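Shared chain: chain A. Partners: chain B in the first complex, chain C in the second.
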Partner chain A sequence: MFRYVVKRTLAAVPLLLAVLTVSFFLVRLSPGSPFQREAELPEEVRASMEAAYGFDRPLPEQYVRYIGSALRGDFGTSFMYKDKPVREIIAEALPVSARIGLLAMGFSILVGVALGVMAAVKQNTLLDYATMTGIMAGKSIPPMVLAPVFVGVFALGLGWLPVAGWNDGAALNLVGPVVCLGLYDVAAIARLSRASLLEVIRNRYIQTARAKGLPEWRVVLGHALRESLCPLVTYLGPALSSILIGTVVVEQVFNIPGLGRYLVAAATNRDYTLVLGITTVACLLVVAFNVLSDLALAALDPRIRVQ
Partner chain B sequence: MAHRKNAFHVFLVTLLGAAAAPSLSVVSGGVSSAAWAAPKGTVLKIAGGKEIESLDPILVDGADAALVARGLYEGLVVSDPKTLEPKPGLAESWKVSADGLTLTFKLRSGAKWSDGSPVTTKAFLAGWKRALAAENGAYYASYFDVIQGAENYRKAKTAAERDFTKVGIKAPSESELVLSLVQPAPYLLDLMTQPIFAPLHEASFAKHGKAFVKPENLVVTGPFRLAAWKLKDKLELVRNETYHDVRNVKLAGVTVFPVDDAKTAYNLYETGQVHWTRRVPLATLASLRTRDDFHLERMLNTVYLRFNTTRGPLKDARVRRALSMAIDRKIIADKVAREGQEPARTFVTPGLAGYTSTFAIEENVEKAKALLAEAGFPGGKGFPATTALFISDEQSKNVVTAVSAMLKKNLGITISPRNLERGVYYDALDALNYDIARSSYTAKFLDAKSFLDKFTSQNTYNNLTGYKSPAFDTLVAKAEAQSSPKERARLFAEAEKVLILDDAVLMPLYFNTSINMWKPELKGLHTNVLDVHPLKDLSLESALVKK
Partner chain C sequence: MKNTAISARAQALERLLRNRIAMVSLAFLVVVGGLCFGAPLFSSYAWDALDFTFEALPPSREHWFGVDEMGRDLFARVLYGGRVSLSVGLITTAVSTLVGVSFGAIAGYFGGWFDALMMRFVDLMYALPSYFLILLVMVFFEVESIYVLFLVLALFQWLGMARIVRAQVLSLREREYVVAVRSCGAGHARVIFRHLIPNTLGVVAVYATMTVPGVMLQEAFLSFIGISFQAMGSDGVMKPVASWGSLVSEGAKVFETAPWLLAFPAAFFSLTLLAINFVGDGLRDALDPNMKV
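So, the complex of A and B:
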C-alpha cells in the first residue's frame, strides 16, 4: 500500500505541471491585466510594476521562473491583496473551506446513506417513493436558491441562527453553510446507496445470513452495507474536492472566508498569482482525494488490491 | 476475516472522524490570531463593502479601505466629519503664503507613534518619498504633482534624475515642514487628508519591509491600531492609547466585516449583528426610504456614457450632442437606477462649495433630431450599428438598455448594449476599441479640477475618449494656475461647458448617492458628499450609558 501511495503521488507531479502550465498560459493570454482599473495607473507606475513582476520579460521566461517558484511552494504575492503572499491567503482560507466542506460531506453521507438504506429496505413502499421524491426535490434546489431561503427562515424568521459571518468557526455559524452545501449531495448519495444496497442484498451470502436467523438490521448494517458503500466511495473522492473549492455561492451568502470566493475574485481581477495558487491547491486536492478514495475502496472490499 | 472487518471499522471511524474533527475545534471556539485582543464593550461593528486590498497608506484605494486607513493613519490634516473642512491633525497649524505657493506646517508637539516614539517631519519626508517612487505602485502619486519637482521625480527614468532634494518638500526642523508649489492649490489641504500623505514609521519599514502593515508590525499615528485582519472575515481595530487626542476617542474598538453581498450586509444590520451598514439591496430601497435610520446623500460621483471621439459617427460633435439631448435623465434616475439619484445635466456634481456649472444640457428631442439630420443622419437613416459597453452588473445593464431604448424611439438609431467582463472592458477602453461605454467617476477631493483634468489631451491614461481640444486644455491649465478662487471656478466652469455642452464628449446620466444605515445609538456619524466618516468622532451611546 505504501508503494501504491508513493506511486500515485509521483504520478501527480506531471499532472500538476500540466495543470499549472495550462492555467498559466490561459490566465496570461486572457485580455486585461492585474493593473487595470477605471482610473488608470500613471504610465510610469504601470511600467515599474510590470518590471517588478517580470511582465516585461518574454512569456516563456516568465513561465519558467513561475514554475520554479511554484514547485518551491512560493506562489508570490497576490496582485489584489498586495499585503498578503498567496501562500498566506491559502493557508487562512483552506482550513475554512475544509471545515465546511468536510462537515457538509459528513452531513450528506450520514443523511444520504440513512435515507438510501431506508428506501432500499422498504423498496417499493410508500416510504421508498416518498423518500426518493423528497430527495429529488432537494436535488433540484441549488445552493444559490437554498441559501437565501435558509437564511430567511432560520436566521431572519425564527432567529435561531446568525445571518452570516464566520465568527472563528462557531458552531451556530456553521449550521447554515453546512446544511445548504450538504443537502445538494444528499440526493446523489441516497440514490447511490439505495441502488447499491438493492444489488448487494440479492447476493447469496445475504440470504445465508438471513437463513442463519440474524435480525434484519444486522443483515443490512453488518453485512450488506459495507459492500454497498463501494460505489459511494468512488463518488466521494471527486465530490469532496469540488465541495472544497466550489462553494462560492454559499460563501457569498453566509460571508464565509473560504477559497471559493477568492478564486472568483482572483479570476475577475486578473490576480494571476492567486488564481494559479488556488488552481494548484485544487489539483492537489483532487489527486489526494482520489488516492484516498482508492485506498478506502481497498479497505472496504477485500477483492480489490491496490497495485 | 477478522482483519477485513477491522479494516472496515477503521474506514468507518476514519470517515466519521474526518467529518467530526473540524467540529471539535468548533467546540473549542476557535482561536483569534489577533496581535492585541479587541476589548469588550464599546466596539463598533460595521458591514463594509468589498474586501480591502491593502492597508499600505500609499496603496489605499476605495471608500472601504479609506474608512479604515483614516482611522489608522493621521496625517498633517484631517477632515471635519460634517463639513469636510480640513482641520489640524498632526499639524497643529499651518500658514499659506500670500501668493498661495508656499505652505508651512508646524507639527504638534508631543505627537507620538503607537510605539511611543515621537513623530517628526522626517517621517513625512520618508513616506512621501516612498509614495513618489514609481516602483512602489502608488495609484495616486500624481496628487503630489502640484509640489515643485514632484512630477519630475516620479517620472524620472534614471537615478540621476531622481533627486529628492530637488522636490519642493523641505523639513527645516523636526517640527516644521515647508511645501513649495508649482501653482496655487486651494484643494491641497483637503487632498492631504488622504492616506497617501501619511507619515512612514521608518524603523518598522526598515525592519519588516512590505510586511510592515501586518497587525503585529504596524505602527500608526491615528486614533486606532490594527489588532487583527483576516481577509474576507473581519478587520479589528483597537483604540491607540498614544494618540494625541485619545481622550476624545470614545470607541474602544471597531470591527469591519467585508461583505460582498448587499442583502447579507442588510441582514447583518437588521439582526443587530452590526451597528452600521454601507450597503442595502436595491429591491428593499423603496421600503427603507421612510425609516429614520436610512440616510441618503448625494455624492460627488457622476455616472455617464463616454464617447469614443476617434471613430464612426461619434467623431462628429453634432451627433454626440444629439444623443445627449435625446434622453430623459429623470426617468433614468427615478425609474431605472432607483437609488435616489438625481438626473445629471452637468458633469461636475452640484454641491461643490464655491463652484457652479454655468449650463445644463437641454433635453429636447426635436432639436436633437435636427442636429442628427444636419450631421447626415435624418431620422437616424444610415446611422451605423453602434454598441454601448458596460461591465456586468444589473444596474449598469438596466441603465444602458434604457438609454438605448430612448435613442431608438427618439432618434431612430440602434445602439446595442454589450455586457463585457471587467478585464475585456478595460482593454477595450485602453485601445479605444469601443463606441460608447458606461463609466462613473467619484471626485477624490473638493475641487472641480478633480472632475475635469481627467480629460485633457495629456491625461491619456484617464481620458480614454481620444478627445483632444486645445481650447479645453488651455482653460483647464489657466484655471489650475489661478490663485483667485472665483476666477478659478469661472475658468473651470467654462472648461466644463466646452467638454460637456459644446463638444459633448461625455453624456452625464445621474449623480450617484451614498446610502448608509446606522443604529440610533451610533453618534457622531454624518453624511457628506465624499462619504468620508472619521472613526475618531464616533461613539456608541448605549455603551456610554452602561458605564
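So, the complex of A and C:
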C-alpha cells in the first residue's frame, strides 16, 4: 500500500507541472501586456510595473520564477482589489467555497446512494422508472437555471429561506447553495450506484446470504452495498470538478463570497492575476482529488495496489 | 413471405423506433431545431432589434415571449440563441468526434510503444481540468469569435472518444476479417478507415450524442461567467451574440422582476438537453443493451 501511495502521488507531479506550464504560457503568449489596456499609461510607469511583475526578464527565467512563486501560493497582487495579494483573497474565499462544496458533496452522496439503492431494489417498477426519469431531469437542468428557480420558489414564493447572502454560514443560508450545487451529482451518483448494485446483486455470495434466510434489506445493506460503492469512489474526482464548476454559478446567484464569485468578477474585469490564481487553485484541487479518490479505491480494493 | 433474416442494424433501428421516450425526444428536437434554424420564418423580429421602450414587458400578442429590458423580442432571441447553442453543441461534437475517432483508431491499430505514447498524452490531457483551462484561454486571448470557441471546446472533448474508439479497435483488429483484408493487399490506412472505423460507429454515435449536452453546458457556463461572443447584428454592427446560456444568465439577473426572461430560455435549454440525453440513452439501449458509456 505504501508503495502505491508514493507511486500515485508522484504520478501527479508532472500533471501539476503541466497545469502550471499551460497557465504560464497562456498568460505570457496572450496578446499584449496586461497593463496595456490600462488607458494611456506613461511608458516609464508601464515599464516599472512590468519590472515589478518581472515581465522584463527572459522567458525561461520568468517561467522558473513563476513555477516557484505558484508553488509558494504567491500569484502577485490583484489588479481589481488594489493592494490585496491574490493569496489573501483566496485564503478568505476558499474556506467559504469549501464549506458549501463539501456539504454539497455529502448531500449528493447520501441522497444519490439512497435513490440508487431504492431504484435498484425495486428494479423495473414504477418507482425505478420515476427515479431514473427524475435523475435524467436533474442531469439536464443546469445550475444557472436551477438556482434562480430555487430562489424563486423557496425564498420569494414560500418565504422559507433567505433570498441570498452568506450571513457567516448560517444554516438557512446554506440550504439553497448546497442543494443547487449537489443536485447534479445526486443524479450521477444515483445512476452509478443503481447500475453497480444491480451488478453486485448477481454474485454468488448474495445468493448465499439470501439462502441463509437474511431479510432482503440486510442482504442489500449488509452485503451488497459495500462492494457496490467502489465505482462511486472513482467518481469522487469528477464530482469535485463538477462542484467546482457549479459553485461558480451558485455563489453568483446566492451572492456568496467564495472563490466562484471572485472568479466571475475577475474574469469580467480582466483581473489577470486573480483569474490565474483562482483557476490554478481549482486545477490543483481537481488533480489532488483525483489522487485521493484513487488512493481511497486502492484502500478498498487490494487488486488495484498490486497492478 | 417476408425475409426473416434481419440485419443487426435493422434490429437496432426497430428497438429504437419502439422506444417511446426516445422517439418523442427526437420529434421534440426536430421541432426545436426547425424553429431555431428556420427562425426568420417564425419570428418577424430580429434577435437584436431594439424598440426603444427600454422596458421589460411580459408576453403579449405581438411579443409571444415578452420583451427584455432593452426592448428586444424574446421569442426571436430564444430562436436565434438556440441556433448558437445548438451549433456549438453540434459543431464542437463533430470536430471532436473526427479527431477522437482518428486518433483512437490509429493508436489502437498500431499498438505497442506508439499506442502507449499516444494514450499517455490522452491521459495527461484528460486529467487536466478542462473547464478552467478553457476559461483561461477565453479570458487571456480575449476570444470573441464563436468559431474559435468551437475549436477550444473541441480541444478537450475528443479525449473520451479517442479512448473508447481505441478500446474497440484493440479488439477488432484481432478479428479474422482484418487478416483477410490485409492479405488482399489493403494498406494500413484502408484497413483503419474502411474496415475498422465503420465497425465502431455504433459506440461512436452513442458517445457523440452524449457529448452534445455537455458541450452546450460548457458554453452556458462561459456565458454565465460573462464571456460573450460577437456576431454581426442585423444592422451590420458587431454585438454580443445571444445563446441559450447567455439568455439564461441575463434572465437570472432580473428573475424577481421579469421571470419570463428566465423561464422561456431556461425551458428551451433544459428540455433540449433532456431530449438529447433521452435520445442518447435510447440509442445506447438500441445498439447494445450491455454497452457502458
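Keep in mind that, in the parts below, the second predicted complex is superposed on the first by the 252 of 307 C-alpha atoms of A that agree within 3 Å, B and C clash if a C-alpha of one lies under 4 Å from a C-alpha of the other, contacts with A are read in each partner's own complex, and residues count from 1 in each chain.
Throughout what follows, contacts are C-beta pairs under 8 Å (C-beta built on N, C-alpha and C of every residue); 3 or more make two chains touch, one makes a residue touch a chain.
From a predicted model like this one, the values you see are computed outputs, not experimental measurements.
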### Task
Would you sort A:Leu192 into first (chain B), second (chain C), both or neither based on which partner it touches?
neither
### Query
Does the superposition put A:Asp83 against chain B (first), chain C (second), both, or neither?
first
### Task
Considering only the touch criterion stated at the top, classify A:Leu263 as touching first (chain B), second (chain C), both, or neither.
second
### Task
With the two complexes superposed on chain A, say which partner A:Val27 touches: chain B (first), chain C (second), both, or neither.
second
### Query
For chain A, which side has the bigger count of touched residues, chain B or chain C?
B
### Query
Which partner does A:Val253 contact after superposing on A: first (chain B), second (chain C), both, neither?
both
### Query
A:Ala70 contacts which: chain B (first), chain C (second), both, neither?
neither
### Query
Where does A:Ala18 make contact in the superposed view: on chain B (first), on chain C (second), on both, or on neither?
second
### Message
Looking at A:Tyr272 after the superposition, I want to know if it touches chain B, chain C, both of them or none. Which is it: first, second, both, neither?
### Response
second
### Message
Under the stated touch criterion, which partner chain does A:Cys283 make contact with: chain B (first), chain C (second), both, or neither?
### Response
second
## Note on the structure
Residue overlap on chain A between the chain B interface and the chain C interface 30-31, 148, 151, 156, 252-253, 268, 270
### Summary
Per the touch rule, the chain C residues reaching chain A in their complex are 124, 127-129, 131-133, 135-137, 139-142, 213, 217, 220-221, 224-227, 245, 248-249, 251-252, 255-256, 259, 262, 266, 269-271, 273-274, 277-278, 281
### Task
Would you pull the chain B residues touching chain A in the complex into a rising list?
4, 7-8, 10-11, 14-16, 18-23, 25-27, 29-32, 51, 53-56, 59, 61, 134-135, 137-139, 141-142, 154-155, 157, 210-211, 213-214, 230-234, 257, 259-261, 263-264, 267-268, 270-271, 273, 421-424, 426-427, 430, 439-441, 460-462, 464
### Query
In their shared complex, at which residues does chain A touch chain C?
14-15, 18-19, 22-23, 26-27, 30-31, 136-137, 139-142, 144-145, 147-149, 151-152, 156, 241, 244-245, 248-249, 252-253, 263-264, 267-268, 270, 272, 275-276, 279, 282-283, 286-287, 290
### Query
Across the complex, what residues on chain A touch chain B?
30-33, 36-49, 51-52, 80-84, 89, 92-93, 98-100, 102-103, 105-107, 109-110, 148, 151, 155-156, 159, 162-171, 174, 226, 252-258, 261-262, 265, 268-270, 296, 299-300, 302
